[in-house]
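Each of the next two complexes has subunit A plus one other chain: subunit B in the first, subunit C in the second.
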Partner chain A sequence: MSFAATERPVGAGLHAPAPRVSARRIAVVAVLSIALLAAVAASLALGSVKVPLNSVLDSLCGWLTGHHPPPIDREIILQLRLPRTLTALVVGAALGVAGALLQGSLGNPLASPDVIGVTGGAAFGAMVVILLSPASVALLPLSALAFGLLAAALVAMLSWTGRNAGGVGRLILSGIAVGSIFTAGTSMLMAVYPSRAPSAVMWLAGSLQTEGWGTIRNVAPYLGGGFLLAIGLMRPLNRLALGDEVAASLGTSPRVVRLAAIGAAAILASGSAALAGLLGFLGIVVPHTVRLLGGTSNNTFVVPVSALAGATLLTIGDVVARTVKAPLELPVGPMMVAIGVPLFLWLLRKAV
Partner chain B sequence: MAVLEVVGAQVRIGDKQILHGADLSVDPGRLVAVVGPNGAGKSTLARAAAGLQRLSGGSVRWNGEDLGRIRARRLAMMRAYIPQRPRVPEGIVVREAVLIGRSPHLRPLERLGLGDRRAAEQAMERAGVLAFADRELVTLSGGELQRVQIAIGLAQEAPVLMADEPTSALDLGATSAMATLLRGLADDGLAVVLVVHDLALAAAVADEVVVISEGRSVACGPPAEVLVPAMLEEVWHVAAELETDGLGRTALHVRWLDAMAARSGVDG
Partner chain C sequence: MLLPPLARRLLAPLLLAVALAAIAIAGAPGAAHAATPERVVAITPFTANILAQLGVRPVAVASPAAGEQGLSSALNGVARLKLSHPNGPNLEQLVALRPDALFSSPTWRAGTPRIQRLGIKVYDSLDPQRLGTVPIAITKIASIVGKGPQGTALATRVQAGYRGAQKDITRHPRVLLAMGLAQYTLAILRNSWGGDIITAAGGNLVTKEIKPIAGSGQDAVVGNLSNEAVVRMNPDVIIVVPHGSPSDVPTIAKYYRKFAPWRTTKAARTGQIYVPTDDLLLQATSDPAALIRKVRSQYLHN
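And now, the complex of A and B:
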């Protein structure tokens, strides 16, 4: 009896065929999709004024249902809740994808938009407007976007010149250096203009408060470009996962892929900062969560599902942030961390 | 015409000249072993021939066409290159990794087709990795992992396979399995370039050996004719003799404890 266990060939446990992976991945996508739909419905219906779900539906597609909701409900849905919900979806998706692209291209689990200096740059861009020129607050998204991209461009320039150009180590160190310059600039501005610091702090904590469609309309083209690049990068990133040498021998230039991935991540992260302030947590945790849930690092799964998961998490976070103490609105960043971190830690405990 | 013809290859990395002039030529159905001491430039020669390392002089021709005129993706359909220390990513199973080998055949955004999946299955079968196709790479042994690398190369369906020290980290059994596989692939009609430092292994599997010493190719020909005691003494500074019997068995008889004396005799 006691020999039964030892008679198994050595490593038999390892040789057991892995369960079919695709079923698990489909389940993950299905569950996330349902959660996303529920979150969107809640995001449209809930808030300081509750709008019944059928009114939500009638407002969105009255031409289909043939019903006309009360004009005030329609106004709330179309001019306030819908742009806000869309912003949450787009920002969540963009940050999830940005993190997946960076982690995939740098082969480093800690990679996030912070690492390539984008977060620091975007924050500085926002502070310049909030602290130096609060009257022109309409320029804030543009400034955040521009400085985020500027930071990424500086990092790319610093790490793509000289010896070992384009190496991962150089890139990360350049990113940290550039990021600290901008972070220092932000601290300096806040110290010099302490009276305006409270609104700066609100922005830094991340918020989805929108004034309707204006900002999202301006930023959407950039984000669209970032998403398109990300789709094209999924398979090249898989080649990179096997090592630079293998990727190169398969006809893919590791440096070009890395540069494109960083460019796309910079656009997505700066655009997100322009729309919603700093929500860096999403970029680092969402792709890991997706890998743990799906049991795979295949980027054709991780990149799109990170978009789905990021959108879901941020939308849920936003609903909670504006309902839990309504009519007071809490900042969405800390709220999302409160929801996301326990989930992530639970997955981590199970996996490692 | 040789599928791969390297003439007088020179490579400079930084301000250090690694290759001073090396030749290499391979024909279909032949296995060429590139041998030489550590740091002689074997891997650099293979990388330069594979288009992964820029030449500072000399020429590399694939099917008579200059390497510089061949775009990366087309080159990837002409040769597969298996690096010495490939990265082993987490969360990727064998089949996914082998399918990545199909990339040169896919246009950007083109989906994997039935033909691609079939080619990957065949590559896995040929390399003997089909039995663990659904296992994650990180759970594999060194020998299994190296055969997966070969399968990735075979999935490229290129007529030339280049492998850089595929056996250097393997035990005896895994080395022998790898040798059988590579020899079999040459017998199937592939041109195989094998960078290897085990001379007994090279003599057993290769049709031809190219000896690299201090950045130059110093000899080329059938193993038994090239790896003679004088060559081993001159290049490796050892008193040694290669023995081959007609049964495919090889042995390197080395006077181990005379090596330092031989070396100091040469150096002094």
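And now, the complex of A and C:
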């Protein structure tokens, strides 16, 4: 199929001759890939504890080289840094893809996991455990995941039933309403249990401090499903960009594609919240940055490159958050905003 | 301006009468009342218990977050106030009690100006943030409530008690003291109440060299510690003070004893991860000697 008509209003001012755009996109992917590799290397090599580089390599490749690092170094690399780096990659990619799917399916540049109520739902799910039932702390990620999905399901139900079902405006308004209900619930819990509020603040600020492999193992199947769904949605979203009537004439059901995109975004955003708390910034800014950098809104470019960019940005943000005041850690959310927003604003000034 | 002769004659006696009235008012029971408050409210366990030990019965005390066991039995029957962040007591409930003075703490300092505007004297710096300031706080509280001599005696007794509790320490295990906040290791740093108690009990606080991110105040005594650092510090003992009711503690303790990032530490390997049912390591107690003895016998075994 042709992507000539897939340029979306978002970043629409970035038209350029096709061959040049193509080279530009290749350059964007190449630079982001190099940045990602550098970020992963930094994430494994740097931390609050200084581990010699040869110990890092031996921990990762000891089975190949036959060298065995000191047990503590090995524990730090394999049980703390490696799962954390993987979490950063997965969460960053998931939020980037979730934002791209929502902006692509709703045709709204402000669409993000917040808009479909997922963020509010996941936050409420986490607060239920942290504030109401601290004894169930082991269930924190699953509760965030479950309530994020519940919020998205409520939004879908409200917007896909009755008159004018499936309309974008109705969906966004339903999302805002459902999100408000869960946000109010979160505020109420924090007011009722003020002495437990510091725990809530830590979670809400976003952090990749995990319990190691266990949490990732629990959430990975959901995220895997979300990613697979996203891959399958890239081309249908391009057809949707031509307008609902054209998409329908091409054999694509706009309502089904939107519902599937929202479902995938909900799974990805809820899974991310389960692993790392609230990092909503990535979901809205990363896809825009990718469109601005690549000069296109083609979803076969925007969706995978948003994954690449989100993973890179979150990994860099996490390295900074855990090293700048080591051995103490800062929340990654504000750190990522400090790194990402200046870049985004610079691109925005150049492009618009 | 010239006054008529009659007015001039009356002016001197009038001024004298005003002066006498002012002196009389100043010496009246009401003035003494302002200097030595009779109706006091204490919203921290330390100030409430010290008042009780000085023989002053507050008109209300705060319900302790960690349960009633933190309050002296002499305070049974005293009205309980619920506190909420960040201001502390509900102002309407507080005003209804008609207190002259309120003993608060830096935790609730945000509410101090609003309470002061109601004409209530607020003392929010007398809840000790360090072990060494306990005797000073006791003498100041005693002086405010007009129990100076009793306060001096109590302060001397408390100080002698906690000094005595530090004798004959046999070993100095490396200790990590943290607040139990889900998967975050919010460690208590040096210059804190909990840090002082651990040190007084013979513990070697593993976070003592860490510089806090916040420059001063209560936020300067805690920090979100990297679990990599915990593995490298390898504490002998980990004490986690959780949020939650005492009934939740067994489940919370199970969580931290199996907490994967700490699994290689000596504390985890030797089963020395402890979760207290109270928050005495987070805020001042009127009997630090008992707390030090408890830490030594139950957690540090020294």
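Assume the second predicted complex is superposed on the first by the 332 of 352 C-alpha atoms of A that agree within 3 Å, B and C clash if a C-alpha of one lies under 4 Å from a C-alpha of the other, contacts with A are read in each partner's own complex, and residues count from 1 in each chain.
Quick note on the criterion: contacts are C-beta pairs under 8 Å (C-beta built on N, C-alpha and C of every residue); 3 or more make two chains touch, one makes a residue touch a chain.
Owing to the predicted nature of the structure, the values given are computational and were not obtained by experimental measurement.
Within the superposed three-chain model, A:183 lies out of touch with both subunit B and subunit C [touch as defined at top]. In the superposition on chain A, contact is made by A:138 with subunit C only, not with subunit B. In the superposition on chain A, A:218 contacts neither subunit B nor subunit C.
When the shared chain is aligned, subunit B comes close enough to touch A:295, but subunit C does not. Greater residue coverage of subunit A by touch, when subunit B is weighed against subunit C, goes to C. By the touch criterion stated above, A:196 is placed in contact with subunit C alone, subunit B being left untouched. In the overlay built on the shared chain, the residue A:108 is in contact with neither subunit B nor subunit C.
When the shared chain is aligned, subunit B comes close enough to touch A:248, but subunit C does not.
Subunit C meets subunit A in the complex at residues 65, 83-85, 179-186, 210, 212-213, 223-229, 231-232, 234, 242-244, 248, 251-252, 255, 259-261, 263-264. Only residues 47-49, 71-72, 75-76, 79-81, 129-130, 133-138, 140, 191, 193-199, 202-203, 207, 209-214, 322, 325-331 of subunit A touch subunit C when the two sit together in their complex.
The part of subunit A that touches subunit B in the complex is made up of residues 14-15, 17-18, 21, 107, 163, 231-232, 235, 238-239, 241-243, 245-246, 248-253, 291, 295-298.
Put simply, subunit B touches subunit A in their complex at residues 14, 50, 52, 71-76, 79-83, 85-87, 89-93, 96-97, 100-101, 103-104, 106, 108-109, 131-132, 134-136, 139, 149, 152, 156.
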